[in-house]
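Several structures are given next for inspection.
Two complexes are shown next, each including chain A; its partner changes from chain B in the first to chain C in the second.
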Partner chain A sequence: MDLRFGNFGFRAMRSLLAVSLTGAGLALATAPAVAQEELKIGAIAALSGGGTAWGLGLQRGVQLALDEANEAGGLKIGGKTYKLKLVVFDDQYNAAQAKVVADRLVTQEKAGFIFGPVGSPGALGSLPVTQPAKVLQFVEGYAPAILKNEWNAAYVFRISNSNREFAEPIVKWVKAKMPTVKKIGMIAPNDATGQAAVPILVEAYKKQGYEVWVDYYERGSKEFTPLLVRMLAQNVDLFELNSNAPGEAGLLLKQARQVGFKGPILQSGGSGVDEIIEVAGPLAEGFLKYDVIDNSLPAVSTLLKAYNKKYSGVFNGTSPIYYNAAHILLEAIRRADSLDTTKVRDELEKLGGYNAPIFGRVIWTGKQEYGNDHQLFHAFIIKEVKQGKGVVRDVVSSP
Partner chain B sequence: MNTTTVSGLAAPRDGRALATGWPARIAIAGILALVILPLLPVGSFVLSIGTTAFITAIAAASLHLLIRTGHVSMGHAAFMGIGAYASVLVTMKLQLPFAAGLVAAFVAPAILALLIGPLVLRLAGKYFVLVTFLFGEIVRMVFVEWTTLTGGANGIPGVPPPHPRLLDPQAYYYFALGFAIVLIGFIARLLSSEIGRSIDAIREGENLAECSGVPVLRVKVCIFALSCGIVGIAGALQGHFIRYIDPTSFSMVQSLNLVVVNVIGGMYALVGPIIGTAFFMITPELLRDYVELQRVIFGIIIIVVIAFFPGGLVEIAQRRADALRGKRKVGP
Partner chain C sequence: MLSPIVLVQIVVNGVGLAAIYILVALGFTLLFGIMRVVNFAHGAFAMLGGYALYYLYSIYDVPYLVAAPVAALFVAAAALVLERFVYRRFYQKMFQSMIALLGLDMAIASTALIIWDSHERSIKPAVSDILQLGGIIVPADKLVIVAVAAIALAAFYLFTHFTRAGLAMRAAAQDVETAEAQGIDTRVTYQLSFFIAIFMAALAGGFYGQTYALSPFMGERPLMMAFIVVILGGMGSIPGVALGGLLLGLGESFLSTFYGSSVSVFVSFGAVILLLVFRPWGLLGTPEK
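This part shows the complex of A and B:
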């Protein structure tokens, strides 16, 4: 039996070889006379596990930006034209996997530019690979160590506001718009996101004279009634959903209304108002939410059209963030007219004023907080759910 | 439960057989290949995978030691985490050398195992599995909640390498390989000794072993402590290699992975977790280009392997050896 399998294996290998050689011959025969060179752009994204929605958003956002560049004839650098190819690997939202994946992108795929990962663990796991190798990395994740580290964040940029940037302006907005609110209630996930986001938000509220009540739950919980009842007993005036993921934020919103909470519910952070509406249904009415994009803007609606043409599923909030970042990188490469990551990094730092497609004028900040200006600062908005749709209520801060 | 009886591979009864038989020759050839590997133009990615594989092999072999007593722990990664945090805190907060961190990485989880061992090791089967699962979750919660010491869910970034020269991937590869050889070699020697025989006797029939004069609970507690101490060293090696530790690296998923490595490789032969580690590290890399489907395909492969080789991949060698023996019998 073993021998028969061996013969089959040999025949199969022989056939495979013949097909491969024929295929290779055909490919050579039909190759264009002048081929574009390929430039690999790396991405580390959580494509399995808890952060899959964010990972897919990242992948799709970058891919759409690269598609646009390729359709426009490719990226011209130093007299050569490059076709851009996105190479994505899954980090499973895990630091050890992010290191392995970063290693593969840097040493095997020779990627000089990497997008992601989205969360802090993956970002902090991959930095020891990318920074010594002078590979430019564009990440999210709120952990300060992403920009405040032993490499002084030499080759890493954070491409969306962290809560350090938006916490205080949002609290000031609450103060101005809801003067009767005195006490804030927060329920947060007991993980890296919650532990990084909540203290900063609490500090911002307390600075404005608010009393704050906080409780935590395990990520993945679905039943929040006991926590919400405890919050009701505290007589809070405003329920703050902070950085909860869309699924959990939707459930908290729905269940808060079901247990009888009548006050305003606001989320300062997170992404994906549509997903929250989908979960909370009609009970989402009146919900206020921090958001980074206004779907009614022409640039965003164009992106949304391209997204819906290519992909199915909800347009995740991370897509426009990475789409915007990919455009910023491509512009810096064009200006540097080089693939040398140090030259591109220098151009990125000087890119202030470039009009990026989603967030507009590029402003780098963070010197005071992190010791370098590698934090993108961008405008953000407060959306209100009206008749099942998130509509822009206010622009809280604008660059 | 039956012990897998791959000739020479499964629980060699005699230390001399281990040192001179064909398994020893295969092991030496394998080690030589691993020593030569970095001298080939393979790139630091392969070295990184190799280093991670050595650390996983140490952790899986330490769990194997416990499995040989008949206990499957679903909280082994928690002890790995305790070792990692102990080493990182000793080197970063107390500013002591890595050697001191390594001692702490072994001692801290081993002491904890000595404390809880006499209680939990009285439980058997699913009850032990459940209790260790809950223990793992409690430890993870401590990592998350004790923010002043552990950095909470954000973990501890900027972990220094054991030595500045170990920033070089090739150097760390050899460093981890050295630890893997010493620790797995130690486990192999232990399992082939008198204690190893007691361990197998306990697994096969606890009451019978007790009647034969084996101090069952004492042996189990000592092996549990040793197993947890060794996995603590693996945790320290991982923390100083990745240069970042956080609770997600030592969660239930990681404990489950260590169990799967043992099941895939073979539960009752030390070569099992080594084969299982190779399978567990290499297969996902071969599937990496399938991106979204990578985990799905890997899951299907695991199901197929378990369905066709319930005794683990080590069963392939067993079947081959049986076939060869059969051929020799009918041969001229």
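This part shows the complex of A and C:
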């Protein structure tokens, strides 16, 4: 798109307003070629506001998987071949807006399969629409209520570990690797993500005998120095960045070092370390981070090449998660040989063992925790920032 | 927790915060004070200033002392096109300007998203030292911002009180028709005010992007803080911006350190609501006749 401010006439102005008001997502979505049979796949993603990096990661991850299927001739179901079209709506990382756009996808677009939204607020906002309508939804927010709810999560799958799955293993890792650490400090967003995710992590630390100090901030904050001074006064040994978004995690990391915090800084949550390094700069050195992928793995580097060919900007950690999930869904549809969401759901549940492109063999878990096996389990890694790059320090594979 | 060192650290942090708030709010209050325009696109110009500095300083390695003002000048000059086609239609139309400029803000932010993508970047620091004075820790980049905010405030005051163009601005702010009757070209005065206001926003955006992070939506927070600062200090009042910025920065630093972020936000907004009820023209503003 070629918009030059120098040619900013009134018509251009009106066009820009139209672009804005109809949503950047629609403007960004690529328009696939018209096919005889078209299957709309829905996506709810934050395409404006603070969660945009995650939302674009979702959109791009799914789009790349659909592109592959389309380039291979489309999706063959019941003797018909479907061209896959991604329809994306912006939820602004907001529960109420997620409900509105879920309604549009279900009632107007007739989407039977929806990816997203990213994060817990939107996921919890959209479930009351998708679950009664038997629309299959794939999310990765950490809130337990996403899988433990009044619908028994009949048509929703969580497609990456939540902190219920990784909190205990990572705390055990801290215990083994950093025996001098006794007290943990956390600063978390005061929204559904922070309120749902932090107690699980706190519980895991306390179970291992740690003392934990927690404080909250309003999402969108940029200046954390007063809270960090407050944390320093508590004499914490390890600063835990928990489920903060990459931008906020980067600022917390940078400002913690600026106010003189010398201890280890770890983030047990989120995905992708590059944006945090970008924000924190040289002060990111030594930072430890939970991550879901290693870019050096062949499957990931292939995806990364495809991503860089089509898009610019940082390869966000949500892209491989949703790319992996889109492949799992397409395989389940192929096996069901139907677009009936109940039949596809049943095939998804039986998909254990399918070799998905990023996380490998599909393992569904969660029965004990949530009452259903709709939680994807996968190994995770702990990265450490060395000379400005996130390098794999450990691979943790047991739940 | 309460010790002299902690108290001084809180004041230092508060002044650092106040400096950023003052820089962002200066242009905002100028536009309202003279043209009665509530510039909801102010944060978008701050964002553009951040990107301009990013290209000049981080990508093309222009020396910082040149890059910072040139980036702001570039944004202010480009914004004159918007002044001609958008802003000029809303001068002295406070309520209409709010809606139109909110739309403009969304348009600029969405265009930035298309051009620069959503990921957050950092502008390389001009100074990255961390000064330690006794037990007090002061990041050097915050000191630079405090100095620039103080210079900008003083320059603003001197310009509006001791130069012909500045006096014309104040005259136009008080009574447009009388000012015109006295031979003041209000169109030129408005253009100059607009240019200065956007220059300040873009300069502040550069510092903001450098201190925090750069992204198409980075303008939202500065806009909100500018709005609170000018309501506290009084819409259109430059000393009010200084007072409002200091009160907000010190209040936030003190309350966040001792009582947490939620209490700080609650008290800040509570104070603004009370002020709007009992003294809607702000601490140093003038009541509308």
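Keep this in mind: the second predicted complex is superposed on the first by the 361 of 399 C-alpha atoms of A that agree within 3 Å, B and C clash if a C-alpha of one lies under 4 Å from a C-alpha of the other, contacts with A are read in each partner's own complex, and residues count from 1 in each chain.
Basically, a residue touches a chain if its C-beta (ideal position, glycine included) is under 8 Å from a C-beta of that chain, and two chains touch if they have at least 3 such contacts.
Remember, it's a predicted structure, so these values are computed and weren't measured experimentally.
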item	value
Partner chain(s) touched by A:Asn190 [first = chain B, second = chain C, both, neither]	both
Which of chain B and chain C A:Gly247 touches, first, second, both or neither	second
Which of chain B and chain C A:Gly313 touches, first, second, both or neither	second
Touched partner set for A:Pro128, first chain B, second chain C, both or neither	first
Chain B versus chain C as contact partner of A:Tyr93, first or second or both or neither	first
When both partners are placed on the shared chain, which of chain B and chain C touches more of chain A	C
Touched partner set for A:Ser48, first chain B, second chain C, both or neither	both
Which superposed partner A:Arg230 touches (first chain B, second chain C, both, neither)	second
Partner chain(s) touched by A:Ile363 [first = chain B, second = chain C, both, neither]	neither
Partner chain(s) touched by A:Ser221 [first = chain B, second = chain C, both, neither]	second
Where chain A meets both chain C and chain B, residue numbers	47-48, 190
Parts of chain C lying in touch with chain A, wherever the complex brings them together	1, 6, 9-10, 13, 16-17, 20, 78, 81-82, 85-86, 103-104, 106-111, 113-115, 117-122, 124-125, 128, 130, 132, 137, 139, 208, 212-213, 215-217, 220-221, 252-258, 260-262, 264-265
Touching residues (chain side chain B, partner chain A) in the complex	43-45, 48-49, 52, 144-145, 147, 152-155, 157-158, 167, 238, 242-246, 248-249, 285, 288, 291-292, 294-295, 323
List of chain A residues in touch with chain C within their complex	1, 3, 5-6, 8-10, 13, 16-17, 19-21, 24, 27-28, 47-50, 52-53, 55-56, 190, 215-218, 220-223, 225-227, 229-230, 233, 246-247, 250-251, 258-260, 275, 278-282, 311-314, 316
Partner chain B, residues of chain A touching it in the complex	2, 47-48, 88-90, 92-96, 99-101, 103-104, 106-108, 120-121, 124-125, 127-128, 132, 143, 145, 149-150, 190-196
